[in-house]
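What follows is chain A paired twice: with chain B in the first complex and chain C in the second.
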Partner chain A sequence: MEELITVQDVSFRYQEDQPHVLHGVSLSVYKGEWLAIVGHNGSGKSTLAKLLNGLQLPEKGDVLVEGYNSRDEESIWEIRRRVGIVFQNPDNQFVGTSVRDDVAFGLENSGMARELMLERINESVQKVRMEDYLDQEPHRLSGGQKQRVAIAGIIALRPSIVILDEATSMLDPAGRKEVIQTMRKLKEEEGMTVISITHDLEEAAQADRLVVMNAGEVIDEGLPAEVFKKGDMLEQIGLDLPFPLQVQRALSERGYDFSRLTLSQKELVNELWTLQSKI
Partner chain B sequence: MDITIKDLEHSYSKGTPFERKALSNINLSIPSGTFQTIIGHTGSGKSTLIQHLNGLLKPTQGSIEIGDFKIQAGVKEKRLKALRKHVGIVFQYPEHQLFEETIEKDILFGPLNFGVPEDEAKKRAAKLIQQVGLDESYLSRSPFDLSGGQMRRVAIAGVLAMKPSILILDEPTAGLDPRGRREIMDLFYRLHQEEGLTTILVTHSMEDAARFSDDILIMEKGGIALQGKPETIFSNPHSLKKLSLDVPETVQFIHRLEERFNKNLPHSVFTLEAAVDAALSVLQKGEDS
Partner chain C sequence: MQNIIIGQYVPGQSFIHKLDPRAKLLTAFLFVIIVFLANNWITYALFGAFTLLAIFVSKLPLRYIYNGLKPILLVIILTFLLHVFLTKEGPLLLDWGFLKVYEGGVEQGIFISLRLLFLIMITSLLTLTTTPIDITVGIETLLGPMKKIGLPVHEFALMMSIALRFIPTLLEETEKIMKAQSARGAQFSSGPMKERLKSIVPLLVPLFVSAFKRAEDLAMAMEARGYRGGEGRTSIRLLKWSGKDTTLFVILLLLCVSLLLLRS
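== the complex of A and B ==
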């Protein structure tokens, strides 16, 4: 697997008289994977995201994106072209006076030909189902609609890595699903690498790989099914287990033995069926 | 204070080429002390509706009565300030509204503006900071040195400091981690019960809607699509699916169990414990036979 991002022993703090937000973080991101990073508010996830596209620079250690080091001033634009971040709050990233202008902003900055630009705008706006709102002004949109436009603006630029920094946390369940499905399609069809910083452990359970952060450190990493085995650890650091796992744990405590971990309701009901037929 | 909404309609930019109807034909009554939840997709009119409840937006048709206040299309209500003392709104991302040098000053801002004596307001601040889960030593600190979750608690304390009798919460847990979400919702529910508040919660969380509500209102395209008690609303997953909404996970689980085990189970299952009990009941019924 091709390694796109390498984070080597990175420490970071916002000011010299303040405590470190990240301590010796090392991490690899591979081409075409969906990597979920989970952790509670203040665990350092979002700071890490800012280091991944050179918005912040490490105090110690290195961040390499496709071979470019973020410490190297001439590399920074190469890095930012490759790594797009969709932030949590859409109001802070809406720059246009209409949906169309907002999605066009990044494309104009990259000097794209008008014809191609119009094509890209229509395509990405359709992917987030905002095509009926192309001429709307941002203040007439609800928070969720604005966020969908922000996502359109990022995917229009076709970066090789998209970081979703809690980007779906303001969407309703259907909107959330739709955005995740859109990103999944981009990953499948265009080989996009996705890093999703999230509190949504249901979503994290569907990732290819999972990184758990706590107090500025990576404390666990692996396949979702492996990480979720450590339910107590996840709860201790303030994360909620997916519902099917919670039910399974409560039943295990009452003496029912399960052959495997159930990450979805379907799996859980099947396991219960097997258990009942054994009784 | 009872709330009665009659034939409410709201159009943005009325009388201009940009006119867009955001609400129409809303009739709703919320008796004092109710926990009312409002659910709907982004753009369904939820936020527009709640902004009418303290006069931030005026109806373009119809009327809203709150206690003995009446806001009516085309009629100027002169007592909006008095009304706003009774109706507290916690907006989305309330932490963005913090602005004072210290947390205490920020909490005091509302009450002092409404003429509460400083001693009394300070007493309230000291009590509230603890109620929202921070200790008194925070009062002298700057709100901007806090984490996002802590800032939100301070902002909520600022709204509570006005002692509203109606508390409106617009997606109050958006962006918080699971523990933060649970703590904030437990706080609101405790206040709702202890202070006898009328609480109006706008949320996307079916789990919260199921757990706390007396009544659920589902909005679509500026109108009311469904209304009823949680057990009624969630007993019919098909009508929710038509609106692209889900039932809570606990209810989904019950439906899956019923289908697989071909058994009828109680449908008002809104907590993990109740879901575990349902799972035990299908397992144990197996043991009996």
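== the complex of A and C ==
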């Protein structure tokens, strides 16, 4: 698998006299995967996102995006074009006065010709199914719609990686689903690489790979099914296990045996109805 | 809250609505200058005709124009009275002892009031038929050449458009904070003036705190999307100078020429 982002032994702190937010973090992101980075508030996961597209520079270590090192001043713009971030607050990242203006913002920054811009805008709003809202003003959109516009603004630049930095945490369940489904579709149809930074383990359970952070360090990494076996460890660092897993654990304590971990409701239901079945 | 209109813009499809914002801005600007050319009845009548024609063509309900005039109506009346009583020219019309009204004063009063009236009408016509964002883009393009002498035209325009974008957001937030403070017993609409002013403080403080937080977030989001100032930036908003706009300028030119011929 092609490695898109390499983080090598990165340490970071916001100010000289403050404690480190990240200590010797190393990780790789591969092309076409959905990587979830989970951790409690203050675990350094959002700071890591900012390091991945050069909004912050590492104090020690290197961040390489498709071979560009974020330390080189020249490469910063190349990195930002390749790595897009959808932030947490839907309102605070909407720059334009209408959907069209907002999607155009990144393209305008890159100095693209207007004709090409219009083409790219139409293409990307269609991908997030916001084509009927091109002239809408942001205050008339729901949170989920605003986040989808943010995604459109990013994919219009044709990046190779999209980072969702707690992008669904301020949304209602419907909005959350909208955003996640939009990203899934993009990943499957366009081969987009997605890094989802979240403390919602239910969402993380659907990822291809999981990185667990605590107190500025990567403490675990692997397939969701592997990581979730260490449920106690996850609870210890302050994360809420997905509900189907909680049910399973409670049942196991009462003596019921399950053949495998149930990370989704569907899996749990399947396990439950076959539990007593002798067929 | 869903239906607030920023600025005074009244949507429409008239000739004036469809003009290029640059043409409208330049016209309003030129109008402010040439209105001082008028100095007799015929030239003022000419301006009156031009203004009324513009209002008629814009198809705007007259009450919008009146609403624009309302705040300065007092100023106009005051100016009129000052001129009537203080200008001492021409034959005496009235004599109340200490107050003397001359014909020149009445004439001057009417002229100056009309001048103010036309100015306000034309400029409100500009804001009534152009969206704030179009005005911003228009100003940015018109002032474009000033970038060479170091005027931060792009930054100014971006600031304007972000301000416009955040007005509804902040209004919504104000409403939310007001409700939260009311729930804790704060009163905003009753009590003596002093109390009411005091009650604004717990409204403004959280609003400011959150506005700063928003500004910080927005700056980060803009940088993440590759914003690096106006250099080499293109724009999605395209202004089109059409035949209509040229027509407007021909009319304006004719107005200018006739003014110069007719003024005394």
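Throughout what follows, the second predicted complex is superposed on the first by the 261 of 279 C-alpha atoms of A that agree within 3 Å, B and C clash if a C-alpha of one lies under 4 Å from a C-alpha of the other, contacts with A are read in each partner's own complex, and residues count from 1 in each chain.
Here is the rule we go by: a residue touches a chain if its C-beta (ideal position, glycine included) is under 8 Å from a C-beta of that chain, and two chains touch if they have at least 3 such contacts.
Fair warning: this is a prediction, and the values are worked out from it, not measured in the lab.
Undergrad: Following the overlay on chain A, give me a clash-or-fit verdict for chain B and chain C.
TA: clash
Undergrad: Is A:N89 contacted by the first partner chain B, the second partner chain C, both or neither?
TA: both
Undergrad: With both complexes superposed on chain A, which partner does A:G111 reach: first (chain B), second (chain C), both or neither?
TA: Only chain C is touched by A:G111; chain B is not.
Undergrad: For A:R100, select first, second, both or neither according to whether it touches chain B, chain C, the two together, or no partner.
TA: In the superposition, A:R100 contacts chain C only.
Undergrad: A:Q276 contacts which: chain B (first), chain C (second), both, neither?
TA: first
Undergrad: Please indicate which partner A:E226 is in contact with in the superposed arrangement: first for chain B, second for chain C, both, or neither.
TA: In the superposition, A:E226 touches no partner, neither chain B nor chain C.
Undergrad: Tell me which partner A:Q265 touches in the superposition: chain B (first), chain C (second), both or neither.
TA: A:Q265 sits against chain B, while chain C stays out of touch.
Undergrad: Is A:E190 in contact with chain B, with chain C, with both, or with neither (first, second, both, neither)?
TA: In the superposition, A:E190 touches no partner, neither chain B nor chain C.
Undergrad: In the superposed arrangement, which partner chain does A:D9 touch: chain B (first), chain C (second), both, or neither?
TA: A:D9: touches no partner chain.
Undergrad: Under the stated touch criterion, which partner chain does A:A250 make contact with: chain B (first), chain C (second), both, or neither?
TA: first
Undergrad: Between 57-65, 147-155 or 183-191, which run of chain C pushes into chain B after the superposition?
TA: After superposing on chain A, the stretch of chain C hitting chain B is 183-191.
Undergrad: Between chain B and chain C, which residues of chain A are contacted by each of them?
TA: 89, 140.
Undergrad: Going by the contact rule set out above, which residues of chain C touch chain A in the complex?
TA: Answer in residue numbers: 1-2, 133, 161-162, 164-165, 168-169, 172, 213-214, 217-218, 220-228, 232-238.
Undergrad: Residues of chain A touching chain C in their complex?
TA: 50, 53, 55, 77, 80-81, 84-85, 87, 89, 91-97, 100-101, 104-114, 117-118, 121, 137-140, 153-154, 157
Undergrad: Considering the complex alone, what residue numbers of chain B touch chain A?
TA: Answer in residue numbers: 12, 20, 40-43, 47, 92-93, 147-149, 171, 174-180, 204, 206, 244-246, 249-250, 252-253, 256-257, 260-261, 272-273, 275-276, 279-280, 282-283, 286-287.
Undergrad: Which part of chain A faces chain B closely enough to touch in the complex?
TA: 40-42, 88-89, 140-145, 166, 169-175, 199, 201, 238-240, 243-244, 246-247, 250-251, 254, 256, 265-266, 268-270, 272-273, 275-277, 279
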